[in-house]
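Given below, in the form of C-alpha cells, are the structures.
Two complexes are shown next, each including chain A; its partner changes from chain B in the first to chain C in the second.
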Partner chain A sequence: MADDVLTRHVSHEDDGRAVDRARMRRGLWMQRGGQASFNALSWAGFLFLWLPIFILIFYSFNDSRQLNEFRGFTLQWYQNIFDNVAGSNVQFSTGLMMQAFRNSLMVSLTATIIATIIGTMVALSLARGRFPGRRYIDSLLFLPVVIPEITQGVSLAMFFQLVFEFMRRVDGVAWNYGFTTIIIGHVAFNISYVAIVVRARLANMNPRLEEAAYDLGANGWQTFWRITFPQILPGVMAGALLAFTLSLDDYVVTFFNNGPGSTTLPIFVYGMLKTTVTPEINAISTLMLVLSAVIVVFSLVMQRNLMGHR
Partner chain B sequence: MSDVKVQLVKTVKEFPGRRGEDAVRAVDSINLTIYDGEFFALLGPSGCGKTTTLRLIAGFEQPTSGDVIIDGEQMAGVPAFHRPVNTVFQDYALFPHMTVMQNVMFGLKMAGVDRREAERRAASALELVGLPNIRKRRPRELSGGQQQRVALARALVKKPSVLLLDEPLGALDLKLRRRMQIELKAMQAELGITFIFVTHDQEEAMTMANRIAVMDQGHILQIGRPDEIYETPRTRFVADFIGETNFLQGRLLHTEDRVGVVDIGDDVSIPAIMPERHAARAGDDVTVAIRPERIAIQGMDVPASADDSRVMVRGRVTEAYYIGTDTRYVVRVASASLTVRVQNTDYQRGMGFKPQQAVYVLWEKHNARLLVD
Partner chain C sequence: MVAGLKRALRKHNAFILSLPALFWLLVFFITPLLLVLVLSFMSRDITGRGTLPFTFEQYERVFTTFRPVFVSSINIALISTVVCLLIGYPLAFYIKTRRSDAVRNLALFLVILPFWTNFLVRTYAWRVILGQSGPVNTTLLSLGLVDEPVIFLNTQFAVIVGMVYTFLPFMVLPIYASVERFDFRQVEAARDLGANDWHTFWRVVLPQTMPGVVAGCILVFIPAIGAFITPDLLGGRDGFMIGNLITRQYKGTGNVPLGAAASMVLMGAVMLSLLVYIRFTARQER
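Right, the complex of A and B next:
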C-alpha cells in the first residue's frame, strides 16, 4: 500500500517533469522561431523602406536613359544637371534648379527656427503652466499631425485669400502668395511636431531639478537657461531636425501657398516629373538624400557632444 | 532655550481633489517651533504629509492658510530662491548635465560669488563630505552614497540657516545608512546648522534627532525628545509607531492625582499615569500602554513584593521564545496577553520560565500609561 503510493507519487512527479520539459522545449522553439520570424520581418520592413531608394541611387549612376538596361557607371546625369541639361525637358536650367534649392533652404531654415521657438514655448507652457483649458489645448496639439495635409494646404490658402481681400479693401495694397505664406504654412504644421517632441522630453524630466535650482538661489530665468533648457535641448534639437526635414520636402502645403518666384525644390522637381522620370531627376533626388543624411548625422553628433555622456 | 528658527503657525496645505474626489489635506493645521541649532526629525508613515511640510518651509508650496516663519520673518510671498534654507532631496536631484564640481558650485554662482572663491568653497564642501577626488565626474557615474554626499555638499556650501533633508538616506543600504546617520549627526553638531530631517524610520529619528515630531494624516500628534516620545507617548498611534508596546483595554474606575485605576477584567485593576489634558472620566473605556522591556517576570516561589511604586499581578506564561539578546514571553494577565522582554545576561540566563507556568509580572508604576485614542 505504502509502496504503491510512493511509486505512484514518483511516476507522477516523472510525468510532471516530462511535461515540464516538453513545455520548455516548445517554449524554446517558439522563442527561437519567434526570433527568426521577427528578424525576417524586420529585414523585410527594412528592404521595403530602402529598396526603392537604393534603386533610385543605382539608376542615378546608370549609363543609360532606359530603366531596363544597365550599361555601367557614369556621372553624366550629375554633370547634366549642372550643365543646363535635363533630358528632353527644355525648360530645365541649372540656374532655376539652384534657385529652387536656395529657396527651399531659406524657407525650411526660417520656418524651422520660428517653429522651434514657438513649439518649445508651447510645450513649456503646456507642461508647466496652470491655466484653464490646458488639457484641451494639449489634445489640440495633435490636430495638425492627424488632419490631412491637403486640408491644411487648402485651408491656409483660403485663409490667406481672405487676409489679402481684407487688406486690399482696407489698405488698397495687393498682397500676394509668396515666401511669407509658404513659411507661415510650414511654421503652422511644424509647431505641433516640435511641441510634441519637446513635450515628451519635458515629461521625462525630473521636476525636482528645477526645484533644486530655485532652492540654490536661481530665479526663474536662470533656472530655465541653466537647468531646464540643457535638459530639453536634445528634444528641441530633435524637434528642429524633424521640422527641417518635413519642411524641406513639403509639397502639398507649399503647392497651395506659393506664388511667383517662390518655387521650392520639391515643386521644381515635380514640375520636371510631369513629362517623364529622367536620370537627372534621380541625380537630384540622390543629392537631396545625401544632404538630408549629412544633416541627420551632423545633428546626432552635435547632440551627443552637447549632452556629454548622457 | 535658544532662538526660534522656523515656525509653522496653524499651517494648512490642501491639494484640490481630482475629478470629484475630495480635496486632500496633506498638512492639517500644524503648529511647530524649531530652535536654532536643533536636529529636528519629522517622523511618520508614508503619506502623512512630511514631504509637504518640508516643501512648505522650502517654498515649493504655498500654504492654503496659516504661516511659515523663518528667522522671525513671514515667508508668505517669498520665493524659494530667496529663502535662507537649502534642501537635500530624497532622489538627490543632482543636475545630470553638470559635473560634481559644477553641481556644488551652482548655488555659489547664483549668489554671484567669484569663480576662484566659489571653487575654493566647493572644494572644501566636498572635502567635508569626504569626496575630495571626484570633482570631474558626472552624477550618473557615482554610487548612491556618493550622490547623497554630493547633494549634501551642494546644499551645505550655501551655508544655509536651515537645512531640509527629505529622507536623504532612504536609498542607501543598511550599513551605509547607519554610517551616514552618525556622520550627518556629527556634521550637524560641528556646523551648528539647524537640520530638519524627514524620515519614516523611527530608529533613524531616535538615533539622530534632538526632537521628534510624530505625524499622522497631516496632523502632528506629539513633539518631544526621543526619550519623551518613547517613554511617554500620548496617543495609541505614537506608542504603536515607535517601538513595541503592549496595549491593555479596560475601564477607568477612578482617578486621583493624575493616576487612573483601570479595571482590566477578572477583578484585576492596575494604576496608569494619565497624560496632561486627558479627558477620560470614571467609567470610560480606556487603553493602557506598557513597553515589553519594562515588565519583569518572577516565579511564584519568590515572595510577592508589591509596594507603592511597583505593580505586581499574577499571570500565566503562554509562550516563550529565546531570541539571542532577549527572551520573549507572552504572559496571560486577566483577559489580556502581555509581551515581556527579558534581557539575557549572565545573571538571568537559565531562569527560563516555561509555558503554562504561573508567574508574577511586575513593573514600576510610571511605565503604565493611559493613552488618548
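Right, the complex of A and C next:
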C-alpha cells in the first residue's frame, strides 16, 4: 500500500518533470528568439541615433560638391575652413563663422556664470530655509523648464521692445537687441536648470554637518565655504555644464532676442542651412561633433575625479 | 538663545538667497508672459503690431482659421511620442540588462552623446539622409524597391523622424531610471506563480516602470508640440507647426497679437498635459 503510493507519487513527479522540461525548452526557444529580436531592435535604436552622425562625417570627406555620390576621399572642405576661402561658395566665410563662435562662447560663459551663482543661491535657500512663500518660488522655478521655448523667446522679445520704446520716449536713447538681451534670456531659463540639479545634490547631503559646523562656532560664511560648498560642488559643476550646453546650443530664445552684430553660432549655422547647403557645412559639423565629444569625455573624467576625491 | 538667534538669522538669510532668482524670473520671465497675455487680446494695427481696442478676434482666428495647424501639431507630437516610446522602452531595458558595468556605461554614453552634439547639425543631417539623392533613396533605388526617388523631405513624415531622433534620449533616460529601480526578481516570482511573458510584462514590469514611461512621454511631448526648428528644416509646407505659425507673426510682416494668442494657446496645451501628468503621479503615490 505504502509502496504503491510512493511509486505513484514518483511516477507523477516524473511526469511533471518531463512536462516541465518540455515547457522550459519551449520557453527557452521563445526566450532566445525574443532575446534575439529584442537585441536586434535595440541595435537598430543605437544605429538610428548614430546614423546621422556617421553620414555627416562620411560626406565631409566626399570629393564632390553634390551629395549625389561618393567620388573619393578629400580634405578639401576642411582645408577651405582653415584657409578662410570657400572656393566658389560666397555664402560661407570662416572669418564670420569664427566670429559667431566667439560670440557664442562669450554669451554662454557669461550666462552660465550668472545662472550658476543665482541658481545655486536659490537652491540653497529652498533646501535650507523655512520661509513663507517657499512653495511658490519652487513652482516658479519649474516654469521655465516646462513652458515652450518659443513662448519664452517671443514674450521676452516683446518685453524688450516695450522697454526700448519706453527708453526712447523718456530718455531719447535708442537701445537695441544684442548680447545683453540674449544673455538675460539665457540666464532666465538656465537658473531653473542649475537650481534643479543643485537641489538634487543638496537633498542627498546630510544637514547635520552644517549644524555641527555652526555648533562648533563657524559662521554662515565659513560653514558655506568649508562644509556646504565642497559637498555640493559636483552638483554645481553639473548644473553649470548643463547650463553651458543649453546656452551654447540655444537657437529659439537667441533668434528672437538677437540684434545686429550679436550673431551666435547656432544663428549663423541656421542661416547657412536655410540658404545654401555646402560641403563645408559637413566639415564644420564634423568638427563641432568632435568638439562636443571631447567636452563630454572631459567632463565625465572630471566628474569621476571629483567623485574620487570626495 | 544665541543658537536661536543664529537660526533665525539663517532663516532670514535663506530668503535673501532667493531674491536674485526671484527678481530675475519675475522681471524677465513672468512679466513678459503677462505682457504677451495682454497682447493676445489686442487688435492688429497696419504694421502688424498690437493696438487697442481689446478683442477676442485673435483667439477666434487661432481656433478657426489656424485650427488645422494646431491639429496637425498635436498629431505630429503625439505620433513622435508614441514612436519614441516604442523605440525607447526596449532600449532602456537593453541598457539595464547588460551584464558588465563598462558595457552598460558605454551604452548610456552612446545614447547621451548625440544629445550633446549640436541640435541644428543633427537635424540638418536628416535633410541629407532623407534627400532625393540621399542614402535612403539610393538604397531603395538600387534594391529596386522604388522606380524613382521617394519624396521624404518637406513632409510630416520627415518632421516625425526628426522629432523622434531629437527627443529619443528624453524618453530613454527617465525609463532607464525607473528600470534601474526595478527588482528583476519580481519577474522570476511572476514566472514561478505561472504568469507567461505577456502577463509578466503587463502586470508586473509595465506598472512598475510606468512613472518613467509617463515622465518620458511628457518630456518628449512638451518640446515636440512647441518645436520650431525641426518642422522648419524638415517639414516645409506639409509639416507646418504652431512654432512656425508663431515665428511667422513676429519676424517679417505678421500679426503680433495673433502670434501672442497662438503662443498662449500653445502654453495652455502644455500646461494641460502637465496637469494630467501631475494628476497621474498623485494617483500613483496614493
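Methods note: the second predicted complex is superposed on the first by the 250 of 310 C-alpha atoms of A that agree within 3 Å, B and C clash if a C-alpha of one lies under 4 Å from a C-alpha of the other, contacts with A are read in each partner's own complex, and residues count from 1 in each chain.
The rule is simple: a contact is a pair of C-beta atoms (placed from the backbone, for glycine too) under 8 Å apart; a residue touches a chain by one contact, two chains touch by 3 or more.
In this text the structure is predicted, and so the values were computed from the model without any measurement.
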- Message: Quick check on the superposed pair: does A:222 touch chain B, chain C, both, or neither? Answer first, second, both or neither.
- Response: first
- Query: Of the two partner chains, chain B (first) and chain C (second), which one does A:183 touch, if any: first, second, both, or neither?
  - Reply: neither
- In the overlay, answer first, second, both or neither for which of chain B and chain C A:107 touches. neither
- Max touched-residue count on chain A (chain B vs chain C) belongs to chain C
- Please indicate which partner A:238 is in contact with in the superposed arrangement: first for chain B, second for chain C, both, or neither. neither
- Task: Please indicate which partner A:209 is in contact with in the superposed arrangement: first for chain B, second for chain C, both, or neither.
- Result: first
- Task: Would you check which partner chain A:197 touches, where first means chain B only, second means chain C only, and both and neither mean what they say?
- Result: neither
- Item | Footprint overlap on chain A, where chain B in one structure and chain C in the other make contact | 214-215
- Query: Inside the complex, what are the residues of chain A that reach chain C?
  - Reply: 30-31, 34, 38-39, 41-42, 45-46, 48-53, 55-56, 59, 66-69, 117-119, 121-122, 124-126, 128-131, 137, 140-141, 143-144, 146-152, 154-159, 162, 184-185, 187-188, 191, 195, 214-215, 220, 245, 249, 251-252, 255-256, 266, 269-270, 273-274, 277, 281-282, 285, 288-289, 292-293, 295-296, 300
- Query: Can you list the residues on chain A that touch chain B in the complex?
  - Reply: 206, 208-209, 211-219, 222, 226-227, 230-231, 307-310
- Query: What does chain B use to touch chain A in their complex?
  - Reply: 58-60, 79-82, 85-87, 89, 91, 93-97, 106-107, 110-111, 138, 140-141, 154-155, 158
- Message: Please output the residues of chain C touching chain A within their complex, sorted ascending.
- Response: 3, 6, 9-11, 13-18, 20-22, 24-25, 28-33, 35-36, 39, 87-88, 90-91, 93-94, 107, 109-114, 116-122, 124-129, 131, 133-135, 165, 168-169, 197, 222-223, 225-226, 228-229, 233, 242-243, 246-247, 250, 256, 259-260, 263-264, 266-267, 270-271, 274
